[in-house]
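Below are two complexes that have subunit A in common, paired first with subunit B and then with subunit C.
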Partner chain A sequence: MPAVRYLCLRIGHGLLVLLGVSLLSFLLAAAAPGTFADELRLDPRVSPETIATLQARYGANRPVAEQYVLWLRSIGRGEFGFSVIYNGPVGPLLWPRVRNTLLLTVPATVFAWLIAVPIGAWAAAGRGGWLDRSTTAVTTALAGIPEIVLGVGLLFIAVRTGYFPTGGMTSLDFDDLAPWQKMRDVVSHFFLPVAALALISLPVLVRHVRASLGEVLRAPFIQAARAAGVPERRLLFRHALRVGANPLISLAGLSAAGLLSASLVIETIMSWPGLGPLMLDAVLARDLHVVVAAATCSTVLLIAGNLCADGLLYLADPRIRIGRFS
Partner chain B sequence: MTRRALWMLAAGALVCTYTLSAAPQTSAAPEWLVTRADEGRSGGQLVVIERAEPRTLNPVIAVDAPSKDVIARTTADLIHFDRETQQPQPALARSWTASPDGRHFTLSLRRGIRFSDGEPFDADDVLFSFRVYQDEKVGSPQRDQLIVGEKPMAVRKIDEYTVQVDLAEPYAVGERLFDSLAMLPRHLLDRPYTEGRLPQLWGLGTAPQAIAGLGPFRLREHVVGQRMVLERNPFYWKTDRAGHHLPYLDRVVFTFVPSEDAQAVRFQSGDADVTTRLSAANFDVLFRDRGGRNYDLLDLGPGLDYTFLFFNQNSLAADAPAPVARARAWFRQLAFRQAVSLAIDREAIVRLVYKGRAVPLWGHVPPGNKLWVNRTLAKPPRSVEQARARLRMAGFSWNAAGMLMDRDGQPVAFTIVTNTGNTERNQIATIIQDDLRQLGIAVNVAALELRALLDRLLNTHDYEACVLGLGGSDGDPSNEMNVWLSSGGTHLWNPGQPQPGTAWEAEIDTLMRRQLVIRDMQERKRLYDRVQALVAENLPIISLVSPNVLVGVTKGLGNLRPTIFDHHALWNVEELFWRGRPSGAAR
Partner chain C sequence: MRRGRKGALAALAVLYLFAIFAGFLAPYDPAAQARDLAFSPPSRQHVLGTDGFGRDQLSRLLYGARISLLAGPLGAAISIAGAVLLGGAAGFFGGWIDALIMRTGELFVAVPWFYLLFAVRMAMPLRVEPAQAFLMILALVALVGWARPARLIRGVVLSARTRDYVVAARSLGASNVHLLRRHVLPQLIGVTLTQAALLAPQYILAEATLSFFGLGVGEPVPSWGNMLAVLQRYDVLSSYWWMFIPAAALVAIVLLYSMLADPLHDGAGGR
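Our next item is the complex of A and B:
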């Protein structure tokens, strides 16, 4: 059962990474100066004693190791820690937001690949031609635009044209809508953030597809197939893409990381109720458990993305199946 | 003996008012409060932009502004301060009497009124509320305000609709103690309170039916990360002059938009009706871009916030490094602080940072606080020459390169810290950097994240100078005790002193303590004027500007009377109504 062994190994790696990430983010978050109660200190109506009582109640004064163990234990109860700002367990805060973040990132990934593969392939086939050169120019320009500028720019378009809502995930009258109207409402809301995310990840993908296929297209077997009269399009998408897929699949797993971090920015700009705004708020408010839980959640998504990529690689590449993995 | 006699008199007066008002009560009709506002029409919703998601709906533990904004709409207080007149008004207490020394208050509660879940409200709810707020184990941030003379207020029930409140010491603004103190429903909270679960209650996941209050609106729905929808409270206790029950609006929606620019965009697109706390830059953009759009932009003039520069004047440990000790010696010289104040171009700050939508300050009370501002303070114009003269007289000199040197021939240089995320403060620090360069002082500007900054200011005292702002609330000096008392925790330049370090700090201590216990408004004003003069003379903080309060509102909102006090456009939300059309944004 090499497939099972391969999968177990990958999951084991993932768990180790999770533990490391949670520990590291816990240490870093705890090392930041100030505590959640500091916001109160600028309010002259609140005495220092009250603030000390608050800090003692939520264990802000306990050693970091003890706090980390407390957090690990609360995972067992499904709570993922206690939020001092929201005065409740972290889990219920997290789940709806994870769902919303996935609702953005999954379609964005799909769209980005659907666009990147044909463009990259054509650019590779016509290397040095006008299509290749204009693709290079556009992707270079896109890669140079900061995420925040892209987000605000799209919002600007939304205000000017009035075609799209200017943020949020649902309209105010969402509950009164019929099911298909609800669908349309959510889609119209997520169009801009998904477009932003797809545009952000597009340049890297196009470049990689182009590079990977470009190499394959110079291989002798392609020359032979071309000589045998296989049509160019079939050659490109049936034969070359299959051989060039290996590095692209690995890239798919890795690009999940970039997409997640970009979505933190885009969510905050477009007021999308995902992990991003929650995490930003928690970092600023020193809500330790929420920061760590959100960071760990993002890591889970990242590892899941990589696992999928590993699974695909296993299917796509016979060399991995023979057992040369580690 | 005299106090006793006066007290008897007050009690007599109370009996009189009580018997007078008791007559209509026999019919057991609810005692509505009739507002003076224009009669409006019912219906519609108001969409309000909120910077962040509220963290709780529990009025006992709420500390963040978004939570307080929502809670203020769903709860009510006994005596309310009118945000227009700064005077106390009847609210849940239909009337009240105060003893002449201000130590004893007798409150007559409105009869026959109900919480938003239909349960009646009476004196037991008031007693319960005070017990909860004052309980040390609950740890309410409002507890400190209810402690007068280091003793909690004593609250007694006289009958079902009368309570008496006794303070341990005379207190200048006793009525103010009741403002914004939300009365709690005992029938819902008594059990959780005795079980010690109250602080965890009414978090964000709570079902709307489990929450009740006495405010004009009640919770209808919370959509995680997006909005909170409040609906009309059918049991609300105010009516208009025609006898229509308030509020007029069916719903108030708080929609969460984290970034400032996105807030402006959201408002401009017509997806929201009200945005407060607009930055001057965004106000300008919205103003220029108005076109045919359907909104009004209101500049309410200078608010209650004041932005200032201050130097670290904490006492040093004996083994402090020499450079730190040297810098501390500059900061403690009045001439140095005067020179800095003279060299700062306040008008330029107003012009460049706030596009003219702010006023320069020479005292810490902004002109927006009309009741308390000392208008006689000197306003010395900017003068680099005079600043140089002060420094020269204090023994400073300039080297060949024009750099300022202290007595020991060391160059004068320091760092101004301020918080990230506040563009205005960072720009102000940069302007000061440029102004002080003309005195030969090399200034660095460093932006720190807010909590990291507070840690340095209040715990480690590891900073040299800082640009910060204070203010808000209602402008009464009783709210600023911790800022001006030398023992106070927010006495920023040198907090928590066991003994006042200077003669003028000692005088301010006396003045502030005195104004807190006398009830004569004119005398209080005289005392606080003197505090303002002392601060302006000794410059522990160098007041810079007070930004204007900028508000954007969709056109057609009746009874809209926004103020510079907290809640701005929403303080009279129960009276707001849509003229002409039935509803607001996002129909």
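Our next item is the complex of A and C:
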């Protein structure tokens, strides 16, 4: 069973990387000048005793190595450390945030691919034509728009047109709504951030689809099929896409990194309660365990994305199944 | 396509000249406030309008360019220097040095970029003077960004090291220093230049994003990122379109850099 062994190897490697990432971010964060206590001391309403208690509870006075081991142990209890700002374990904070981030990134990925594959394929088929050239122009322009600019730009459109809510995940009167209204409410809130993320990931995808299919379309078997009278559309989406799919599936895993990273910015700008704002607020408040947990969590998502792509590749490519992978 | 690249280079050069000569070109002191002119639209006095404190946008844009535009290339230079050093050592010496450097680099690549950036930002003080903040951002992007170019450079060095003429030179008794200077380093010029052109805009955006969220260069010193931060206010976003001008400047810069770097761009003509 080479597949199982391969999978185990990949997961084991992923776990090692996670351990390394958490250690690294822990060391970096612990090396920081100033802790949460310094931030709290600025607030005259917080008494020194409270801070001392918090520090003891947090283990902030112990050596870094011991803090790290304590943190690792708290993972076993599902706590992921202790958040000073939220005054509780980090784990319960994390899960809804991760869910919300996935609620954005997964649909954004799906939409981006659904748009990118036909556009890229048509651009590749009509290489040098007006569609190809305009696609290249649009993707180049899109790729040049930074995340923060796209975020505030879409918000501007929302504010000006009034079609979309400008932030958050639910309306103020959410709790009073009927179930189907609740659904509509969340969907209307999630339209803008999903659109932003899809637009951010689109240029890379279109370019790669175009490049990959362009290469396949030059292959002799395509010529043969065309000579045999296979219609162009069938040629493109049935024959060429299947052969050109491999690098695209790997790309799907790789593009997860950019997507998650953009998600941090978009979530924060559109005040979507995902992992990004949690991370940012924690950095601002020097909430060490939350920062480490959020960074580690984003890495988990990234590794999971790559594993999914590997699985797909395994299903899609018989050459990998018979054991010619490295 | 060659012409496009030259044009981009020229346009970038002009923008950098604007940044360098901001002191001559700016019509106002970027920090001078005119409270009675808050958010006044573009006019003959203030060509690009004013911000919430009545400060001249054009002057702030020019002075902000100093920080925003310099952060990119300087950061890229530092992290590529680090990458050449580490990736070169890994490729040239191999063995445990290679394993140590590359495994560490893997950790830096495994975290989504902005999460990594903010996690490393955690290691630095929260409130810093603007001048220090600039140096801090340089240190930050250099620390965060060395791993990816290091990987590429390691690959190039590895292949250079096993070339026949390098093996021949070694067998003739050439020292490591000689081999590196004479045969290995010259091969890196292409990779490092392309990587620099790719990293520079990414770092410009890193500065903008950090400052946008209040973790980079702070007031009163302008940077394109902290000039955009005011757009997080609902009233500003909806009413004062000229506050979007730094965004347009950012887009222009990124596009120019991508024209400089993008190899896909060259092939776009229709091969």
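For this structure, a couple of remarks:
One rule holds in what follows: the second predicted complex is superposed on the first by the 306 of 326 C-alpha atoms of A that agree within 3 Å, B and C clash if a C-alpha of one lies under 4 Å from a C-alpha of the other, contacts with A are read in each partner's own complex, and residues count from 1 in each chain.
Please note the rule applied: contacts are C-beta pairs under 8 Å (C-beta built on N, C-alpha and C of every residue); 3 or more make two chains touch, one makes a residue touch a chain.
Small disclaimer: the values here were computed from a predicted structure and weren't measured.
Within the superposed three-chain model, A:F221 lies out of touch with both subunit B and subunit C [touch as defined at top].
Contacts of A:L24 after superposition on the shared chain: subunit C is touched, whereas subunit B is not. When the two complexes are overlaid on their common chain A, residue A:G153 makes contact with subunit C while staying clear of subunit B. By the touch criterion defined above, A:A294 lies against subunit C but remains apart from subunit B after alignment on the C-alpha atoms of chain A. Of the two partner chains placed around the shared chain by superposition, neither subunit B nor subunit C is touched by A:Y163. Note: residues 32-34, 39, 152, 155-156, 159, 166, 268-269, 280, 284, 286 of subunit A belong to the subunit B contact set and to the subunit C contact set alike, using the contact criterion stated above.
Residues 103-104, 106-108, 110-116, 118-126, 205, 208-209, 212-215, 225, 228, 231-232, 234, 237-238, 244, 247, 250-251, 254-255, 258, 262, 264-265, 268-270 of subunit C are the ones touching subunit A in the complex.
On the side of subunit B, the complex with subunit A involves touching residues 45, 47, 52-53, 55-56, 58, 61, 63-64, 136, 139, 141, 143-145, 199-200, 203-205, 221, 223-227, 229, 253, 255-259, 261-262, 265-266, 268-269, 271, 421, 449-452, 454-456, 458, 470, 473, 479-483, 488-490, 496, 585-586.
Residue ranges of subunit A in contact with subunit B, taken from their complex: 32-35, 38-48, 50-51, 53-54, 57, 85-88, 92-93, 96-97, 100, 152, 155-156, 158-159, 162, 165-175, 268-274, 277-278, 280-281, 284-286.
By the touch rule above, subunit A contacts subunit C in their complex via residues 17, 20-21, 24-25, 28-29, 31-34, 39, 127-128, 132-133, 136, 140-141, 143-149, 152-153, 155-156, 159-160, 166, 207, 211, 257-258, 260-262, 264-265, 268-269, 276, 279-280, 283-284, 286, 288, 291-292, 294-295, 298-299, 301-303.
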